[in-house]
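In what follows, structures are represented as structure tokens.
Next come two complexes, and both contain subunit A; in the first it sits with subunit B, in the second with subunit C.
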Partner chain A sequence: MKLNVDVTPRTDVPRWMRYGTPVFTILAALAVSAVALVALGVSPVEAYYVMFVQTLTTNFGLTNTVAKAVPLIFAGLAVYLPLKAQLWNIGAEGQLFLGAIAGTWIGLNVSLPMVALLPLMFVGGALAGAAWIAVPAWLRAKLGINEIITTLLFVFVATEIKNYLVRGPLQAPTANFPQSAQLPAAAQLPDIPVVGYPVGIVLAVVLVAVTYLLVNYTRLGYEITFIGANDTAAEHAGMSKFKIYMIVLMAGGAMAGVAGVSELSGVQGRLRASFEPGYGFTAIPIALLGRNGAFQVMLAALFFAVIFVGGSSIQTLLGVPSAIVDIMQALIILFLITSEFFKQYSIDLGIERAPDPGAPGQPEGEV
Partner chain B sequence: MSNDEFVQLKDITKTFPGVVANDDVSMSLRRGEIHGLLGENGAGKSTLMKILYGLYSADEGEIWLDGERLDMESPQDAIDAGIGMVHQHFKLIPRLSVSENIVLGMREPAAAFRADRDDDRGVLSALTGNSVVRGLASRFTLGLDEPQAEIQQLADDYGFDLDVTTPVWELGVGERQRVEILKALYRDVDLLILDEPTAVLTPTQAQRLCDTLRKLTDEGLTVIIITHKLDEITDVTDRVTVLRDGQDVGTVETSEHTSDDFARMMVGRDVLFQLEKEGVATGDAVLDVSDLRADGDRGIEAVSGVDLTIDSGEIVGLAGVSGNGQKELAEALVGVRETTDGTIAVTGEDVTNAPPRSFIDNGVSFVPEDRHEDGCAGTLSIMHNAVMKAYTDTEFSDGLKLDYEAMEAYAETLVEAFDVRGINDVRDINAGELSGGNLQKLILAREMLREPDLLVANQPTRGVDVGAIEFIRERLLEQRRAGTGILLLSEDLDELFDLSDRILVIYEGEFVYETTPEAATRRRIGLEMNGGQGAEQSAKVAADGGQSDAR
Partner chain C sequence: MAGLAAGLANATVNASTVLILAGLGELISERAGVLNLGVEGMMLVGALSGFVVTWVTGSYWLGMGIAITAGGLMALLHAFLCISLNSDQAVSGIMLTLLGTGLTTYFGNDWSGRSIDGFPEVTIPVVGEYLVEIPILGSALFQSTATDYAALLLVPVVWLFLYRTNIGLELISVGEDPETADTMGVDVFKMRYLAVILGGMFAGAAGAHLSLAFNGIWSATMTAGRGWIAVALVIFARWRPGRILLGAYLFGLFNALQLYSQGLNLSLGPGAPLVGVVNPVLEFVLNPTIMSTYPYLVTLLVLVITVVRAENRELAQPSALVQSYSREAD
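Up next, the complex of A and B:
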């Protein structure tokens, strides 16, 4: 008996595969995570029931999911948009810190009514995030220096700036903790009346729609897509790589900054030294799962919000360490990478029995 | 050459989802012949040969070699049966030497562990003779001394002019191809398949390959060359099998047919190689270049002071051996390569070092040499690629939004006007899925239907099949009639002679010779392409102490 494995490059990725990949990836990650759950002595069925069904059917779970999803959507877009031009914004976390810092400073130092203060905080946060990525963006656009490395390194710088500020200029004068003062009520995102969801979700949905329109219907979106597909040909077509690279990276930085403000003003209420939500890094698998479009990014962000909230639930209810969520996140990335292989190559498996040398062409089973 | 059938392919049928690649194809080879396998892109040549080499298995049909039926599951079976193949893209490891590349996959263990050692020296030999030790040795030691000598001998026998200890990365394309052939010979093949062997070679290298192949067949080897170039067929083959749309049109003796016959068999209709080129009144200069200089990708000057004027309605042909600055010149003329000195004016407007967009807006079109790398975005749709240069026009864009309906309609116009095949939905099919000829037609349609003032076309017919070549040449002449000034860069001298009004020769970044097709001789152009009067001139330079260089 002989196992035949045929690996042939595909000329075209089938449509079902392009759109099915995220779903398969998630299912595969959940299946493998089940092994870890069994090892912990927890029934995966029960754990996933708590994680998904309970989270999505209780009011508490839904509200929390939406609250988690808001910064994840912004951060996901912050990675998604540059990815359209084949640029990797790995440092959304750093831009998010800068957004949070700018938001905190404005919230604490500007006294305006809420309707003016909150927009000002978001604009400030967006500008700060864009400014933070401006240097890596310029290095990439002008000199071709790899943005994966520079944006990532800028995260460490941003972390230390934040750590310094909450122990220095931004530290609450009355306390000894490394944290800022509590934001005034006018600087805190309210909930939507009646439904009770955080108001940030509205802004998130609007930004998703804007990004969708930008990519699919505008001239800029065409240029971004084209540069992402073949930057040399794009230059031959008269598109400015410099301009597009600057625009997508700075827009990404701005959205990460908005993510920082929304988390700070909607959830945290004050800037702490321990503020390291990791959304900027989770944004990478979100953007990869949702790389087919802005709405898919939103769905991916919602999925991650569910497993974050559900992860806390199974920790409290079933005693499963919430590190299981990290495992799932890592598995999703692994399976995404694997799926790239299957998208590029088609695999044929065949089991063949060795033909009897006496009678070639008439395969017979072993006796 | 004997007349007995050495290899026979009988009624081979192979289908891929949606396509019949080979439909009941039969072909037979005689020992010691060079057999051409001719067909347009997508006619099923490569599929047939991959079946013969064990890479694909046929759905139906049989392969017989020397009276025995072959049942192959992998290339290894083909190699064991004495069939070797040289692929279009070489499969060599640059870091390894020629001989290391050749013994890959069939190396010998180091001398001390070899089974055929017959000297007997007690303990040591008992150890090295032990089957376990031998098993390990055959996996973990490499004895290169004997194979190396053998390979060098083989190379010398066939006049390959190779030092087999040289690392492959130091070798040029022609030499690498010889390594691939050597690799097959070392495996003792009787039948050698070459997939478009001259696609990567210069004319001189190609000539050399033909000589090599003759030598091989004199020794009793049988050779198949897959090609769509007619001159290659008439130059080197003994017999030809022609495929069209997956079916075999027949096998014929080369000597009894002309290239016109082959073209007809291949395309299925008459192909006019005689183009109608009537006189066209030339107009004002569309391109005026003076003392242009530009650097190549490695920062070394590639274009060294070029003066060039092209009038409206004129085709200027540029001949030169690849790598003498043509690519850089073409790119500088369309604004995608920065110039270091000199000026470029298009229809009277100075556009020196302006961004590519200014060139496009001034009516410059460009057909790049590398259509996948520079000419299209392979992963985007036909529509995206069709409007690549026109998307800023008011027809499609108000500055913010794009009109996708209009873009789609425009793409359909291009596809129709240039008869681009294999497209049913311009938004669904990606440019990368088109065959070479069809992609080239799409690019030409995009560049020509803009009604440019200047068209720079770099190797517009390279790698496309005969039918498309004819079409493309006709369109170039049509464009000339419409008053476009055209700079045609081509390595195909016939093309330059047929189409050009003037022919320039570039050598080491400078124009060294100008002529007209009527006054020119191939010999003279060939000489100029290689740096002037060759030996004569260098002797003269040496005689006056190189003073002619110190201008």
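Up next, the complex of A and C:
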């Protein structure tokens, strides 16, 4: 008996595959994570019940999920948009820090009423995030230097700048802790009246819609997608790769900066040295899960928000280390990139029986 | 001042071993054309598995062996994804770092707070006691653990392997021009698998050096970003083993200076001209937190110089880095 594995490139990805992959991926990741839960003597059924059902059916769980989803949506878009042009913004975390730093500075030093102060903080954060990616973006667009490495290097620099600032210029004068002063009430994002959800979600949904329209219905979006699909052909068609690369990366940086402001102003309330949410890295699986469109990015961000909130619930209630969330994230990426292969190639497994010497006329097995 | 210099030298050498090991591993992998951003995760898995095995069996050599195996296994996954499935190398690497961090934090919870007697400091037989007496560098270089010596020894070994053996030259060739290498009869897939797995084994050893020799304890995320510095180090070293040593000492020195920078008082006297300008600048530049960004900034600079002066092929990056290879590609 011989196992034949035929790998042939697909010309077209079946519809069920394109939309089924994210769901399958998540289920597979949950199934494998269950092994880690069992290893620590925790019932996966109980853990997943707390993680998903309790999070999604209680007021507390839902509010927290929405609050977590806000920065994740922004960060997800920060990776998604450059990915449309086949560029990897691996450094969203660094741009997020710069956004948070700018937001903190403006919130503490500018006194304006809330309606003016909050927009100013968001604009400042967006500019800081865009500025932080400007050098890697220019190096990529002009010199062709791999943006993966440069955006990543800038994360570590940004982390230390944040750590320096909260121990120095931005440190609260009266405190010994490495943290800034508390933002004034006018600089803190309020909740939506009656519903109780953080107001940042409205901005996030608006930005998702804007990104969707930009990518699908504008000339710029067309150029971005075209360059992502075939940059040589796009340049022959007269499109400027330099311009598009700068735009998508800087826009990505700006959205990561906005993620930083939303988390700072909506959740944290002050900048701390310990502020290392990792949202910029979670944005990578979010953008991968949602690579079909901006609304899918939002769904993926909501899903990750649920496992973040659920992850801290199972830590409190069941004593499961919240690092289980990191494992789940890794597994989701693992299964996603594996399934990419199956989307691009069709695999045919054929089992051939060894030719029976007693049966004449048996066709020879292929060698 | 001599005491300070000796202390600085000691701290530099101590900090550099882990960078040499992880950097050499990353270098081998990248020379074959595969970027490995999973070093941090592989180091953590090496650190925890080595620690647990040493704790249970009492043998730090066995612990080191298991750590190397564990690093190699994680690298095998990276190799499978990047080489066989043509996955994005950066994404696969980041996944492995997340996985390594997640797994070790999750399962390592019960192991933190314990300490072991790991690799002891030893001197070289016969000549060792004299070498240690060398001022400033003596005790830094010649009173070290076996892993410190091994790391130093591995620099020329990796150089010899890459440049003076057939396998090494084949490995370099698949990182430069896989199509041609394939035509010449080099098994591109096998070579890349070999390089990535070797690289992972080095990362595992680097992690085990941290938990078994450098610290003697396990704590979650104890690598503290050294895996990322290793990635930067390879660029800084322009993909050459000898320069890894140089770079590791330089990056190690930055690290050591951070520990000692409070003791360095370089500000001008109160009467000096421009004191109001120079001192705040010096204070900023010598701030320990700001200093820890220097390795990354220097790396960025080197990366730019490497690309701008691309005509200097001698020092350029492997041409096929981050490119997957498949035979039917047109």
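We take it that the second predicted complex is superposed on the first by the 348 of 367 C-alpha atoms of A that agree within 3 Å, B and C clash if a C-alpha of one lies under 4 Å from a C-alpha of the other, contacts with A are read in each partner's own complex, and residues count from 1 in each chain.
What we mean here is this: contacts are C-beta pairs under 8 Å (C-beta built on N, C-alpha and C of every residue); 3 or more make two chains touch, one makes a residue touch a chain.
Source: prediction; values computed, not measured.
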{"item": "Combined model on subunit A where subunit B meets subunit C, clash or fit", "value": "clash"}
{"item": "Partner chain(s) touched by A:Thr338 [first = subunit B, second = subunit C, both, neither]", "value": "second"}
{"item": "Which superposed partner A:Ala229 touches (first subunit B, second subunit C, both, neither)", "value": "first"}
{"item": "Partner chain in contact with A:Trp88 - subunit B first, subunit C second, else both or neither", "value": "second"}
{"item": "Touched partner set for A:Leu30, first subunit B, second subunit C, both or neither", "value": "neither"}
{"item": "Which of subunit B and subunit C A:Ile149 touches, first, second, both or neither", "value": "second"}
{"item": "Which superposed partner A:Gly238 touches (first subunit B, second subunit C, both, neither)", "value": "first"}
{"item": "First, second, both or neither for A:Tyr217, with subunit B first and subunit C second", "value": "first"}
{"item": "Subunit C versus subunit B, contacts on subunit A by residue", "value": "C"}
{"item": "Which superposed partner A:Ile201 touches (first subunit B, second subunit C, both, neither)", "value": "neither"}
{"item": "Segment of subunit C that clashes with subunit B, given the candidates 182-190, 200-208, 218-226 or 254-262", "value": "182-190"}
{"item": "Of all residues in subunit A, those that touch subunit B in their complex", "value": "4, 11-12, 217-222, 225-226, 229-230, 232-240, 360-361"}
{"item": "Subunit A-facing residues of subunit B, complex", "value": "71, 73, 334, 336, 355-357, 359-361, 366, 368, 373-380, 384, 388-389, 391-392, 397, 399-402, 404, 430, 433"}
{"item": "Of all residues in subunit C, those that touch subunit A in their complex", "value": "35, 37, 81, 85-88, 90-92, 94-96, 98-99, 101-103, 105-107, 109, 220, 225, 228, 231-232, 235, 287, 289-290, 292-293, 296-297, 299-300, 303-304, 307-308, 322, 328"}
{"item": "Subunit C-touching residues of subunit A, taken from the complex the two chains share", "value": "9, 36, 39-40, 88, 90, 139, 143-146, 148-150, 152-154, 156-157, 160-161, 163-164, 167-168, 281, 284, 288, 321, 323-331, 333-334, 337-338, 340-341, 344"}
